[in-house]
Structures are given as C-alpha cells and as structure tokens.
Amino acid sequence: MAISFEPSEATKQARAHFHSIAREQLRPISRRYDDQEHDLPTEWVDWYWRNGRGQAPQVDGPSDGFVQVCVQTEELCWGDAGLYLRTPFAGLGGSAVLAAGNSEQKQRFLSVFQGDGHPVWGAMAITEPQAGSDSANIQTTAERDGDDWVLNGTKIFCTGGEGASQIEGGFVVVWATIDRSAGRGGIKAFVVPAGTKGMTLVGLENKLGIRASDTATLRFENCRVPTGNLLGSAEVHKKGANKDAKAKGGGKGFKGAMATFDASRPIVAAMAVGVGRAALDCVLETLDREGATPRYDAPPTEQTALERDVIEMEAELQAARLLTWRAAAMMNQGRPNNLEASMAKAKAGLAVTHITQKAVELLGPGGYSKKLLVEKWMRDAKINDIFEGTQQINQLIVARRILDYPSGMLR
Amino acid sequence: MAISFEPSEATKQARAHFHSIAREQLRPISRRYDDQEHDLPTEWVDWYWRNGRGQAPQVDGPSDGFVQVCVQTEELCWGDAGLYLRTPFAGLGGSAVLAAGNSEQKQRFLSVFQGDGHPVWGAMAITEPQAGSDSANIQTTAERDGDDWVLNGTKIFCTGGEGASQIEGGFVVVWATIDRSAGRGGIKAFVVPAGTKGMTLVGLENKLGIRASDTATLRFENCRVPTGNLLGSAEVHKKGANKDAKAKGGGKGFKGAMATFDASRPIVAAMAVGVGRAALDCVLETLDREGATPRYDAPPTEQTALERDVIEMEAELQAARLLTWRAAAMMNQGRPNNLEASMAKAKAGLAVTHITQKAVELLGPGGYSKKLLVEKWMRDAKINDIFEGTQQINQLIVARRILDYPSGMLR
Amino acid sequence: MINFEPSDEQQLVISTVRQFAEQEIRPLARACDEQAALPAALLAQAQALGLLSNALPEAHGGGGERSALLGALVAEELAWGDLASALGILSPGLLALPVADFGSPEQQAALLPGFSSDHFTSASLALLEPHFGADPFRPRTTAKRTGDGYQLDGAKCLVPWQTGGDAPTPVLVFAVEDGAPQGFLTPRDAPGLRATPSAHMGIQALPTVDLELEGVHVPESARLGDAAGSDLRALITRGRVALAALGTGVARAAFEIARDYAKEREAFGKKIAQKQAIAFKLADMAIEIDGCRLLTWEAAWRLDQTPPAQSGSVLREATLALSQVRRVALEVTDGAVQVLGGHGYIREYLPEMQLRNARGLASFECLALV
Amino acid sequence: MINFEPSDEQQLVISTVRQFAEQEIRPLARACDEQAALPAALLAQAQALGLLSNALPEAHGGGGERSALLGALVAEELAWGDLASALGILSPGLLALPVADFGSPEQQAALLPGFSSDHFTSASLALLEPHFGADPFRPRTTAKRTGDGYQLDGAKCLVPWQTGGDAPTPVLVFAVEDGAPQGFLTPRDAPGLRATPSAHMGIQALPTVDLELEGVHVPESARLGDAAGSDLRALITRGRVALAALGTGVARAAFEIARDYAKEREAFGKKIAQKQAIAFKLADMAIEIDGCRLLTWEAAWRLDQTPPAQSGSVLREATLALSQVRRVALEVTDGAVQVLGGHGYIREYLPEMQLRNARGLASFECLALV
C-alpha cells in the first residue's frame, strides 16, 4: 500500500472511546491528585479496572497496530499523564516479561492483569542512585544461592514502584548484575513479586509534575526470588565473546532491556504528545472564544507573535506525533526501529516541553495560575524530556545510528 | 569609579569620525567589491593610507582605550566588513609582533605602517589543511640551519595573506613547530617578510561573504628567514616541564599565539556587531519609512511577529556589544580576559548570524535580492561564527573556564 | 490505514529521480550557481523523465496521474540535487498545473499539450510583489475590466523567467479584480509589460525577473478559468507543499554533506563526528528533517484526498509544514556551514550555497507547485 | 567613561546582599515554596538591611540614595537566593517607590516614614488584570470621578498581598481615568474591594490575591500625585528593569547548581561536565546570563541618568533587557533541570522550583520596582 495518513476505523473508534474516558474520568480529578501527591487515585484505578480496563470497542477491518496504541495513549495523557502512569498496568515490567520471558513466566506474571481480582501493577527498576541514564553501570547484584537468586542494591526513579512492590499480585522487574566483570553481558532481569521479603519501599519522590504517579525508591536486601524468576538465560557473554552466541541466548539480558526501551519509546512519545495537545487545545479554545483564531494566510508583516507561536506549536506537535507513529508503524512490520523510536522520543520530549511552556506564557497570568490546568501540564510535560532516556541519551542513540558508530566511538 | 555606560568624549568623536568614513568611503563601493571578488579595492586602500590611516581627531580627557577601538571597528564594519579586512593594517600579524616581539622586531616590522611609503599589510598564518581550529596540531616545520630558520608547510585561510605576502614591506607571521615531539611547547612564530623566497601565494578562496578580503593559501618550501625573525625565545618547554620556566620564557610560543587571540577576539566581536548593526539599521529604517516602527509597549497578544523579532534582534545585538566592551575594558586594566573575550566572540558571532539572517527574511523578496546590501551582510556576518576560533572553540574555552577544567579534562 | 512506507510505484519514482539528481543535477550545481544559468540540456533531460506530463490530464496527452504526494516526493529529490535546478525543472508546472486545475477547456486545449511533450517548455507565474509587507494572498496588482478584456497594472518580483521551448508560453499574472485575486494569462511580449532581470543571494542559476505592468491589455479569454476564475488560495497551498518538499531536500543534502565531512575530518586526534557538540547537532538535524518530511507528506496526502479546486482547505497543513521547513532548512544549512568550519565558508563545498538557497524559502511563494 | 566594574560602594552592597541571600534566603527557599509562605523573621531581617530606606528621600527618614542600578544589583542577589523571597522582601517598594516618585507632599508625608523604619511594612500594587490579552499599559479597570472622589471598578490579579507591619498600607490600584491610567491609593478594607487568595505554579511563597473592585469609592486625595497624577509607563519601565535583574539572579542560581552538579555527577566513567553536550550547554548559559546582566545594568544606569518622572523614556532599554531575561531565565532553568536529569525533576533540588519561578517572568509586570 501507499503512504497514507488515514487512520483505520478501529483507530478512530478507539480514539473517540479513550477521549471520552480522558474527558469524563481523568480531567475531573486532575487537579485533586496533583495537589494530593502520593494519594492513590482510587476513583480512576477502580473505574479502569472494573470497566474492561478501558478496552476499546472491537472493530472489524485492518488495524493500525502499535499506532493505535499510540493514539490511545495520547488520548489518556491528554486527560492526565500522572493518572495515566498510575493506571493498573503491567507497565514496563510487563513489557520486559513479554519481551524476555518464557511462556510459563508470561502466564504466571501477566495473567493477573486480565483476572477478576483487585487492581495490580507492574514496574521496572533499572536506575540507581549513582548511575542515571548509564544503565550499563548497574551496581545491584544478584547472587545464585541454591534455587534462588539473592538481590542486593537500591533502585530509584521506579515509575509505578509503590503499586508494583506493595499490592499483592504485582511485580517489579529488577535489573541486576550476576557478574560485574562481564559489564553489560552480566546484567539480567529478575521478576520480584510484590511483597517479597527483602524488597522495601524506601520512599516516594516529591516531583515537579506527574504527581499522581508513584515514583519509588526500592531497597533490596538479601531479597530472594526463585531461579524461575530470571528472565532469559543466566549465561554470561563477556565482551568480545562470540557474536552468534550473544545473538542467540544472551540477547535477553542488557540488550533485552534496551529492546524494551525501543518498544516503549513510541508509547512514551505518545504520552508526551497527549500532554502537549492538552495545552495546545486549551490555547486554541481560548483564542477561538476570544475571537482571535490564528490565521494561516496572514501577511508576513501583519502576523501576530501569537499567531506565529501557535503555528509553530501546531507544527511541532504534529511533527512529534508523526515521528511517533512512524516508529510505531515500523514495529507493526517487525522492523528494527531503534533510530526512529529515539527520534520520536527526543522530538516529542523537547516539543512538548516547549509547547506547554509557551502555552503558560500565551495565557498570561491566568496560564500561570492554578485556576487552569495548563501550568500543571507544563510541569507534567517536562518528565518526557527526562524519563525513559533523557533528551541527551536519545540524541546519543540517534547520533550513533546516523553516523553508523558503535557505542565505543561516541559516548 | 562606578559602573557607567557613558562613552568618553574621545569615543564619541571617534564614532562619528569612523561612521562618516564608513558611510562615505565604504558603503558606495560595497557591492562592487563583493561582485569583483579578489580585486584590490584601490579607492579604499589609497584613501585610507593617504588620509592619516583613518586616524580619529585627538581629544583631551579620559579614554575608553580598547573599548574605543571596538567602537571604531564596529563603525567601519557597519560600512563593510570585507573592505575593513582589506584595509592596510598590520593585522593579527602585527598583534603577534606586538605581543611576542622584542623592541628591535617591533621597530623593524611595524614602523612601515606609520611610514610615508605605499600601503602595506601584515597577516598571521596558523591554520593548516588538516588542522582547522586545532592549532596545537601544527605540521609546518621550522628547522635551524646556520643563522636561518627554514620553513616548510602549507597554511590556509590566511586573512589578508595576499597583501602581506606579495606587497613589499608587509609580512606574514607563520606559526611552525621546531620540535614536533614537544607538542605545543615546540610551536613558535616566525616573521616572513613579503617576497621572501620560498613563500608562494598558492591561491585565494572564493567565499560566501567578505569577498573583498583576501583569504590566502600560502606554501612555504625551504623558506629561509634569519634567526632574528623568530618571535620570542627558541627554547622548547616540553610537557610537564617546570612551570616557572614556562611562564618566564616559553610563554611567547603557542601561548603567545593564544594571547594574541584573547586580544583580538573583542575586535573580531566588534566587527560582528558592526555587520549585525548594518542589517538591523536597514530593517529599522525600512519600518520607520513604512510607518511600522516597533512598539515596546504592545500588549502581549497584539504584538506582531515582526515587532518581537526586531526587539529580539536589538537585544541580541546590544548584549553582544556589551559583552564585547566588557572584554575590551578588562584589557584596559590589564586583567586576564580569556573567558570574557571568548564569551564576546561566541555571542557576537551567533547573534549577528541570526540578526542578519532574520533581516533578510523580514525584508521579504527585497531582502533576498541583490538590490539591497542586506543579503551581502548576511553572507559577511557568517564569517564571525567561524574565523578567529569557531563558535565551538569559543564555547570550549568558556566551558573550561567556568568549570575550571584544564584542557585535558574537556576536549 | 496509517502507513509511512512508499508503495512500489512511489518508490520507483523516488529512486528514478534520486538517481537523476545524483548523476545529473548535483555534479553541475556549483557551476550553475557560479554562472547563474541552467544548461538547457539538463532541463531537457529532466523533461524526458515525464514527471509533469505524467500528472497532466490524459485528454491533453498527459498520464492522468496527478498526485501532490508524488509531486512532493519528486521535489525533495530534485532539490537534494540542487534547489535552483529543481525550480527550473519544475517551472513548467507553474503554468501547466494551474491550467490543469482551473483552465477552461479552451485554455487547456491550447496550453497543456505542449507540456506533455518530450520538449522542455518554459513557463512562469507572477505572484510575489516587491513592496515591503507584500501579501501573496492579496496582491496590489490590479485587473480592471475594459471593453474587450482586462487592463493589468502593478509590479511583480522573483518571477522565474526561463526561455526555451517550442513556443513562448504566457506568464500567469495574479491581480485583484473586484477585490478577488485572479490569474491572467499574459503574453510575455504584451505591450506595457517590462521584464528586468533580477539577482538574488541564492537560487542564482534560476533566471528571474522583476515585472512592471503598466496598462497591460489582455483579452477576456486570458482570465484563468474564464468566467469561473481560479482560486489563488488553492495555488498557494499547493505552492507551500512544493516549497516544503523542496526545503526538506535542501536540508537533507546539507545534512548529508556535514555528516560525511564530520566522519572524515579530524581534530584533536579524533574524527569531529565523535565530538558530542557535532554529533548531537547532526542528530538534531536528522530528527528535524524527518519531521519536516512527514509533515510535508501529510499535507500532500491531504491534497490528494481533495478536489484541486478545494485545495485551499489544506492551507493549514501546508502552512504548518512550510513553517517548519523554513526554520529547519535554515538551521540545518547554517549548521552544515558550521560543521565544515572554514570549509563551510568557501565556495568549494556546497553548504554555503545551500544556506543561501535555504534562506530564500522564507520569502518564496508559488515558485513551484505540486 | 565606559566601565563595567562596580564601585567600592556598589561592591559592598552586592557583597552584603549576596551574603544575606546565601545565609538567610537560600536555606529556607524550598521550605517557603512547599509551605507557600514567607517567614516574617526573614522579611524583618531583610528590612533591617535598609535597602529600601536607603533609597527613600531624606526628608521622610530615608537615605536619599535612590539608584536604579543599585536596585538592580540588589534584586539579582536576592533572587539568586530565591525569587519568591526576593519579591516579598522588595514588596514594600511597590508602594514606597511610586509614592517617592509621584506622590504629593501629603502622600509622601503620610506613607514614606513607615517604609524608612526598621520594621517591615507590607505594601502592594495592583496592575495586572485577569482577562485574556490584558494590556498592562492600558488597564480595563476604570476610575470615574464622583462628587468627592473616584469610583473604581474592575478586576486585578497576581497582586502581592502580604500582611504584617505597623499599619496596613493602601494598595496602589491602577485604573483608567478619562483614557489615561492613574494610580489610586486604596485601603485594603475599602467596601467593594474583595481579595481572594490565588495560587500559581511558581513564586508560591509570595502571598497573592485576585482583586475584585465593585464600586469602590476612594477620596480625591487617593489619586497618586494628586492633580499631577503619575506615569504608569515610568513605573512599568522601572518594573521591567527590576524583573530583568530578578530573572538574571534566578538564572544565575540555576546555572550554578547545574554546573556544580555536572562537576560532581559521573556517568559512563566521567564527570558529566566533561561531556561536550553538557559543557557547551553550561557555557551558553554563562554567556547568556552575563549578556542579560549587562543589558539590565545599562537600562538601570539609564534610569539613573533620567528624572524619575521621565523613566518612561527608558522603556526601550528596559524592554530589551527583560525580553532577553524572559527567554534566558526560562532556557537556563529548563536546562538546569535537564542537566540534573531525574534529580532535576524532583523537589529535593532547586532547579524545578527555579523553572516554575522563571516561567512566571513572562507574565509579570511591576511585581517589583527599582
């Protein structure tokens, strides 16, 4: 088929469906859970869990696949990105299980998300106090002891980490090294079920935005999980080891984590687009109401600064959205999208940072006040420039790809 | 005395003087010598040489010192930066002699610039085909042979290199290594008089802008100069050598070249400000003529994009000018200004690139056409982002200074 | 279904034009700029590819496969080779496409067959005006009804003015008639029409003129679309999509040169591409260029979902795409000059020319159409 | 003679305020933001420095050393400590300085002595309005002559509303009388005046209110400057210089935190400051901040060459400075958040607060004066 920008019928229906959820379920409680940081947004969690986990109506016909997922994510985050992140999802932990787990593990850890029980959460724990975006430098250790792996270390910035570590049925996928001398090759992922002894919720971060989301610090002290909770193989491939062997069995360690990011980046970018659109929509609605709808045919010397700002915001947002959809569409075809996913994430994070900051400015003192949600969206938006790989990390990945440099050539 | 932005009387008079030179001598021939690339602008060269080398009227009272030099440079470059660079000056070569030469050398090489003879030029040759801004990596060699130094190598991007190498009385200061194993410590400066055997003018660059200026490639093949033409000492200080010794005698080698740059950067920044102001003045005059004078009290939502652009251009230009003056004022007090000079150069280069590019846009198809000089100023301005240390080099110097890092810590 | 992969047919066109740009346009780009002329042979070769002909109605000898998206794909590739050459090659479309979209049957029959031939037929459109603050949507040039036609008065600038081709075609002049802009097919040798060659910072190889129109008389039949007229908004929309595609091509070309230079050039013992300041700049360029392309594709695709007469309904998307491209093409070409340092500033390398060309995009309207 | 070095006296003021900011303001900044309040003790300590008193006329107990430049130097240092605290500390000037510049002898005698004392006297100015597109130069709030005074009607927002001090001072409300804006000294408890606490993304520690004015009556003597009136343009000019200085301080504070963090933090085996992407960003911040400071100094210095009533003649310079500061303070604080990465996003470090505070600069006018 040819290039097309026409969403499938299923995508259109899903968009409408999630838009109404965003409008009716999320927006009304947005301000409250921004103010009441760390409170569980029970209305949303329960509503979502009870109402088919937000499932969109089934539609026959072709599917946009991952692009549709992006559209859905955009709609929910148009509603509220903080609450979206607090939704009872398997989250990045679930993606890791899907990407690197065997079928028994998928069944064991993920079926609860389709079950009839209470809401559950999954999460992923990678970042450590001294590491930041340097995920190859993981200090948390996993040592084999009989039929168990014993984890020791501290993880920070674990999105969804409270729910995943505290509520029965949930789990945290923890990245730890089983052989520090092996560098990246020694890093493996372990599923730690909620409530496992030795896993402690140390605290939750007070944040600039996405305050409804629980960003946790988790401590692992002699935390034991059975060997069956290791995702992928325990084999360690040292630097310079046979590449074939790496590709076969070892690809589920560090590279597995990275592959999870490739898959998650378009979703994260779509989150960003949703927040940015919320702010832009608010500006456009205000302008319409005030009879100041931007002109696309203004003479160059008569265009207002406001018109130019709005045009730039619209263009930036749409560019971010299309880059996101492109990265998602490549996943539909099973094509590697490491470059395109990083492009989308880098662009979306930056674009919505600008768009939301500009929206606050354009709305004047009102935009700066807490009477509108725009100020909150500006605070929420900034996370997209930071988490799941900062702006700089994504630039780095893009740069390596376009230069065709291995990581050693450009750091 | 307290902080003051009031130029001295001498500076005011010099400004008026050089402004009228710029308007009457340079502007009328601007377009011609842009079109007739590589032609010597004889009207300007002769006028300047005959008319007291442009000397400003003597004024009693306090002097702004180097700040006045910046003001004068700004005025001339407001006239035409390409012609300014073709002015019979001792140039950077002269600055190097002043900074690193002994009194005999100063007399021998510089007196001709005050003399009654024909116009003469000085130039500095550092850059090499494979080195770019990496001036520590100089490949041109100087070998001692009896009472001579014998130079071999090729220099590119030598501003003023045609006049300095071809017209009797002029000279080129050539940076060459006398001991490659010593790295920077082995780099020394040699004065090569115009017409010296073995120095060949290979060619002149065809450039984007400043086309009236002669950017030369010079080849040195067994080019002999007497030992008395070495600036500073022949002693080589190797890496890790005693710092005191370095500070005493060796400071006139590589560090001497760098000091020349510190002194020249505010002047180069002032050149940039002059070109940027030419473009901005043209925009402001056009707006005044069209009854579209920018308002400084426009309500935020009614400000035109044009007004915002002009305000930004004005602010950027003035910020660049003040940073330049600050770096120059520090020289008056003999204070090290490496940080401030690099700040000024970086800011001015970038600011006037933007200002002139914007000016072309704001003037529409007319700004893009060759009927106005704005398109030329845009082409001229870009050199300020590149020569005498690119944007990146200046950022690097600023970064090292603010981080208090030696060069080895940040490259 | 949302899809970003060109079809086989689209891919074939891209590959063909890319090869043409690489082998025929790019090698001549510097010389064309310095000599301020486009070789007739290049235009003839390009015409032989049948890009325009393919888009014209079958009834008049064309292929009947009009597609703005295909036009955008072609424009990007041509401009990757060289912007001035691309504008020259696409210039027949400045008359042919408006006539195809709005022309009366008689106008179509008279003018279109010439553009479907293998010979390059030069053509032009006069929209931009030289006064400060000129508004392309609301020209000041006037068209007044006279007894047997119209009288045109005003001034135009940046009008492509190539010669060559079997017969000189009229220039399509936009003027305001009773408050609404309309196009008038004006013979190049009409009394009262004076063309003065003009020169610009960039696109030097494209011959352009300033036009003065003083009491120029054209017959009633010269009005594009006859009684029905034409829609300038539709043309500007198509012009903006074309410019967006062209600008994307210029930016991509400059980016690639900068990238390759950075991988070759050493400083301080490393390739300069290994410096974050350079590498990240290149990464940003790549991201922005892809964003521009996707915005352009979307606007073009929307045009293809819309009857030509209603093209103006896509003005928003076209404007968004072009506004990004104007910014990005300038930033990328300026950045490429910067990456090349001293070599960026000399006319041995292409980025300085690409910077001059890219700066023009801010002022252009309807210098090409899709 | 052009000189960028502060005099000994200027340097002494800078050092004193810098020390105060470092020792008294900064340590409380986070707690003030979280608790949305400024400790009375902090305001009292700041008052004891005599910054405002020094600028007021000697006739009313002040030091008679009014200097906008000194005001700018002070503002930068205070805001380096914390913007909300700086605004609180400077808020008495919102009434005292306009009264010093424009007040009638009676108004000066009644109001100024209180501000020259060692006690912090809260004061306020109401200029900004809540409607979309509000124009600070042309308020919508109206002042109508009545038999014995004026009737004020309208709405204001972002009005600093501290309490404390010996006696509550009137709020200086700007309203349009016969087409020209004038200031009216309005008692806080005037019937018809309703103050509702407001909350914002940033400057949370500064108490602010929305004001509604419905048929508020003030006597004839409430008009600032009596018959002569006052010049809003002059006040806005002084407000812009103050904001520019404050914004420079915020940016400098965020820059320093980012710089120090980058020198401490390791990634991939190196300090992150050793990465060009970080180092160059820090270099750009430093350059832009210095540019902002110099522009601000120049505007302030020009104010000092101008009689207070003609301050409006410096509007251009003040606007240029503030326009740069608005951009730079936002970019630098956003950049600081970025340099700190995850730590930039949490409320353990100051950059996230500085970003929230800096964003407000775009909407502020006359939240402080020099």
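Chains: A, B, C and D, in written order; residue numbering restarts at 1 for each.
Note that in this section a residue touches a chain if its C-beta (ideal position, glycine included) is under 8 Å from a C-beta of that chain, and two chains touch if they have at least 3 such contacts.
What you see is a predicted model; the values in this text were computed from it and never measured.
Novice: Counting C-beta pairs in contact, does B-D beat A-D or the other way around?
Specialist: Comparing B-D with A-D, the pair joined by more C-beta contacts is B-D.
Novice: Let me spell it out: compute each chain's centre from its C-alpha atoms, then which one is farthest from chain B's centre?
Specialist: So the farthest one, by centre of C-alpha atoms, is A.
Novice: Any idea how many Å lie between the Cα centroids of chain A and chain D?
Specialist: About 39 Å, centre to centre.
Novice: Based only on mean CA positions, could you tell me how far chain C sits from chain D in angstrom?
Specialist: 51
Novice: Mind pulling the chain A residues that touch 2 or more other chains?
Specialist: Expected reply: 292, 300-302, 364, 392, 395.
Novice: Indicate the residues of chain D shared as contacts by at least two other chains.
Specialist: 132-134, 275-277, 280
Novice: State the interface residues of chain C toward chain A in the complex, per the touch definition above.
Specialist: On the chain C side, the touching residues are 1-7, 9-10, 69, 132-138, 233, 236, 259, 262-263, 273-274, 276, 279-280, 282-284, 286-288, 290-292, 294-295, 297-298, 301-302, 305, 315-316, 319-321, 323-324, 327.
Novice: Please output the residues of chain D touching chain C within their complex, sorted ascending.
Specialist: 275-277, 280
Novice: Under the touch definition given earlier, write down the residues of chain B that touch chain C in their complex.
Specialist: Within the complex, chain B contacts chain C at residues 127, 130-134, 136-137, 156-157, 205-209, 215, 286, 290, 292, 353, 357, 360-361, 363-371, 375-376, 378-379, 382-383, 385-387, 390-392, 395, 411.
Novice: Given the complex with chain B, which residues does chain C contribute to the contact?
Specialist: Going by the criterion above, the answer is residues 128, 130, 132-134, 157-158, 198-202, 265-269, 275, 277-278, 330, 334, 337-338, 341-342, 344-348, 352, 355-356, 359-360, 362-363.
Novice: Please give the residue numbers of chain A that touch chain B in the complex, ascending.
Specialist: So the residues of chain A touching chain B come out as 292, 300-308, 362, 364.
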